[in-house]
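When the chains are written out, they are named A, B, C and D in that same order, and each has its own residue count from 1.
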Amino acid sequence: MIGGFGSPGTPFSLIDELLRQGQRQLTLIKNDANEAGIGISKLIEQGQVERLITTHIGLNKTAIEWMNAGRLQVEFHPQGMLAEKIRTAGAGSFGFLTDIGLDTEITRPEQLLNWQGQQYKVEMALKADVALLHAARADRFGNLVYDGSAMNFNPLMAMAADQVIVETPECLDPGALPPNQIHTACAFVDHLVVLPRLTSEYAVMEHHVKH
Amino acid sequence: MSNIETLLKRATREVLPGSILNLGIGLPTQLLDYLPDNLDVLIHSENGVLGAWKQAPREQMNPALIDAAGAYISTVPGSSFFDSSVSFAMIRRSKIDLTMIGAFEVDQQGSLANWKIPGKFSPGIGGAMELAQKTPRIVVLMTHCDKQGRSKILRHCRLPVTAHHCVSRIITDLAVLDVTTNGLSVQELAEGVTPDYLRSVTDADLIFPEEVA
Amino acid sequence: MIGGFGSPGTPFSLIDELLRQGQRQLTLIKNDANEAGIGISKLIEQGQVERLITTHIGLNKTAIEWMNAGRLQVEFHPQGMLAEKIRTAGAGSFGFLTDIGLDTEITRPEQLLNWQGQQYKVEMALKADVALLHAARADRFGNLVYDGSAMNFNPLMAMAADQVIVETPECLDPGALPPNQIHTACAFVDHLVVLPRLTSEYAVMEHHVKH
Amino acid sequence: MSNIETLLKRATREVLPGSILNLGIGLPTQLLDYLPDNLDVLIHSENGVLGAWKQAPREQMNPALIDAAGAYISTVPGSSFFDSSVSFAMIRRSKIDLTMIGAFEVDQQGSLANWKIPGKFSPGIGGAMELAQKTPRIVVLMTHCDKQGRSKILRHCRLPVTAHHCVSRIITDLAVLDVTTNGLSVQELAEGVTPDYLRSVTDADLIFPEEVA
């Protein structure tokens, strides 16, 4: 699973390393597919991704083409359901009962549960072998702080993967981050990669600036 | 003023002081530019922002702070950031007072279709389903007809539904319609639009209260 | 539901007001029963509480006596299950699947679910009409910040009750709290009570100080 | 040195540098005073603290900062505070490396009873069940026998079980015992305790490896 909603919170440098190492047949879990040419779209375009579990890929025409051509399997979930499935795994639970989409085409009969006189949809927990995350700041123990809207799926994924690898441009001494301002406690973090610099992918994207 | 501008101007009147609102991608997002500054509202963005506001000035743009549509937003005093599970907890607990949303189709029962055109458009559901199902008040902003001139207001949605019976009001370039238990009630007509004309371009049953007809 | 784990995070002043108003036959949801003579124990001792949903009342001999005498119904849950049941309600879900206590006496047969070849215990969401909470700081919109271990159940309960009433000794102007340091967003808060002072109940308890 | 002091001293050797541990109420909490300062561990407390440490100096006590036992703790650099759902997510996701816990009974299958004595003691479960079920390594600290001199180590627990097959090691005032697939293996004997004496006060089958017997 890979953090980020659009660019904020996307671990572009860790993705580049995955691109370099070239692992194939990956199943990726990410809110979106970034945009053509950046982030996980590079992994898709290089043919490393077999399956994408996501909520919306409308900003990435390349990913839609790959999907329509049958070269990329895509599994869509309502955004809050994807978040909650990951959070459920992160909480050490196995599934939850919801009414979201209960009477729409996204619900299959085998997902329905009658329980104590009510009908629910059962959404199962979604965990991963590895989470790649981006944090604005960290300390050497692996305590994390996110900036702006870059929090999104990152703290949920930190709890839901067997191996949690976090990139950050700023790594501080333990104690530098006030204990009640830490977004992800170090117990959930396995590896920290300190970035010497942020590439252009982390910058403001000109085509999203209105003039 | 174009018809779309008129529509957006009209839509600003839906925004009540002290409320929390969510603006879907498309026309609703454009509404932001029509809202007066210092308006006492908090705009929720699915990606984890309460208190989103217009595009930040160039020198204050934070590449790590966007809204769900990708714009480099500013925030109002009293805004907060949170993770996606909390963001959707807020939605599912009906803490968003008003969602303005775009649509492919709305029917006279207030059902909404806005996420999928089988075989043509299926980029995913995003946050639409939970917003549609759980916001107490949904106002649809859309053109009355599609590019081929066909009514987007129907007796029954033909496309896969996002949520059933969820829409309270529809604001189009031609009219303002309320979904009532009796059917679609025309509240306002755009300048130059007659009841007969509206009937002729709408594939649904319309009720015209006395003061409109 | 009432925030707090022991004293930190307990809304002592709001509890005093409930004591003054005298509502009876209350069902309380709180991690513990505070200690004899303070916090919700006062409500119990005044006979206002019919039922207590909790995890552990070992520090309150009075509450145990009331329970053993049949004057107070007590429903115990494992602590993390109580937290998760409240959080599930707060997330707008209806229940979750767990394996905690699956093969112990706390699990009743009617709570068991076989799903996709596995056996789970279904824990249902726990919501309340009213939440009484304590925050260290707030702004006028109702954004909240907690201090130390006073966070505990407060942010979960803020999401899980129909009416959320929060007491705080410090209420600031909107904008005074940095957006990424807010623990509970104002969307979840209905009423804010600004405390003119903190009573002795909020202070260090001498009998918990080792010498 | 009392037997309990010896037990606690011995227990400190279970704490590995770089680990996360939880200390249950009772003997385990007392262990804190026996740990050297600047030890590279993070102590988890169920009420939402990672990095709890010994009682704070009087002038630095924060009434809003206690551990799960009610002590006014200090914290180490790198500590964090979080809500109860995250605290138990940490437990259920097995992020606590070691839990030291008290017990009424432990049996030779490693099952633990520590939360209820029907008719006598039932103050609630607290966090014990999730800690017992989900911590990779559980070390029980308890007196070998109860106040009536009866063995607290049994062939089968008689009291309601907190979790089955969860205990790795038992440290008592008389011995250190490991739960193995073959049964209880005596790892160490306290000074002056013979294998025969230990057998005579233990209601379970004991294995004595050569180096102990």
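Keep in mind that, in the parts below, a contact is a pair of C-beta atoms (placed from the backbone, for glycine too) under 8 Å apart; a residue touches a chain by one contact, two chains touch by 3 or more.
For clarity, every value in this text was computed on a predicted model and none was experimentally measured.
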Exercise. What chain groups remain joined by touching if chain C is not counted?
Worked result: one piece
Seminar exercise, completed: The pair out of A-B and A-D sharing more C-beta contacts is A-B
Seminar exercise, completed: When centres are defined as mean Cα positions, the distance from chain A to chain B in whole Å is 27
Problem set entry | Separation of mean Cα positions, chain D and chain A [Å, integer] | 37
Exercise. From the C-alpha centre of chain A to that of chain C, how far is it in Å?
Worked result: 31
Exercise. Can you give the whole-Å distance between the Cα centres of chain B and chain D?
Worked result: 57
Seminar exercise, completed: The positions of chain C in contact with two or more other chains are 84, 91-93, 99, 146-148, 151, 180, 183
Problem set entry | Where chain D touches two or more other chains at once, by residue number | 49, 81-82, 85, 88-89, 91-92, 134
Exercise. If each chain is a dot and touching chains are joined, what shape do you get: line, ring, star, complete or other?
Worked result: other
Exercise. Can you list every touching chain pair?
Worked result: A-B, A-C, A-D, B-C, C-D
Problem set entry | Complex contacts: residues of chain D adjacent to chain A | 20, 42, 44, 49-51, 75-82, 85-86, 88-96, 134
Exercise. For chain C, which residues count as touching chain D in their complex?
Worked result: 5-9, 31, 54-59, 64, 74, 76-84, 86-87, 99-101, 103-106, 136, 146-156, 183, 202-205, 208-210
Seminar exercise, completed: In the complex, chain B touches chain A at residues 45-49, 55, 58, 61-68, 70-72, 81-85, 87-89, 91-92, 122-130, 133-134, 160-164
Problem set entry | chain A residues touching chain D - in the complex, by the definition given at the top | 90-93, 139-141, 143, 159, 173-175, 177, 179-180, 182, 185-188
For this session: Mind listing the chain C positions that touch chain A in their complex?
Result: 84, 88, 91-99, 113, 115-116, 118, 120, 122, 124, 145-148, 151, 180-181, 183
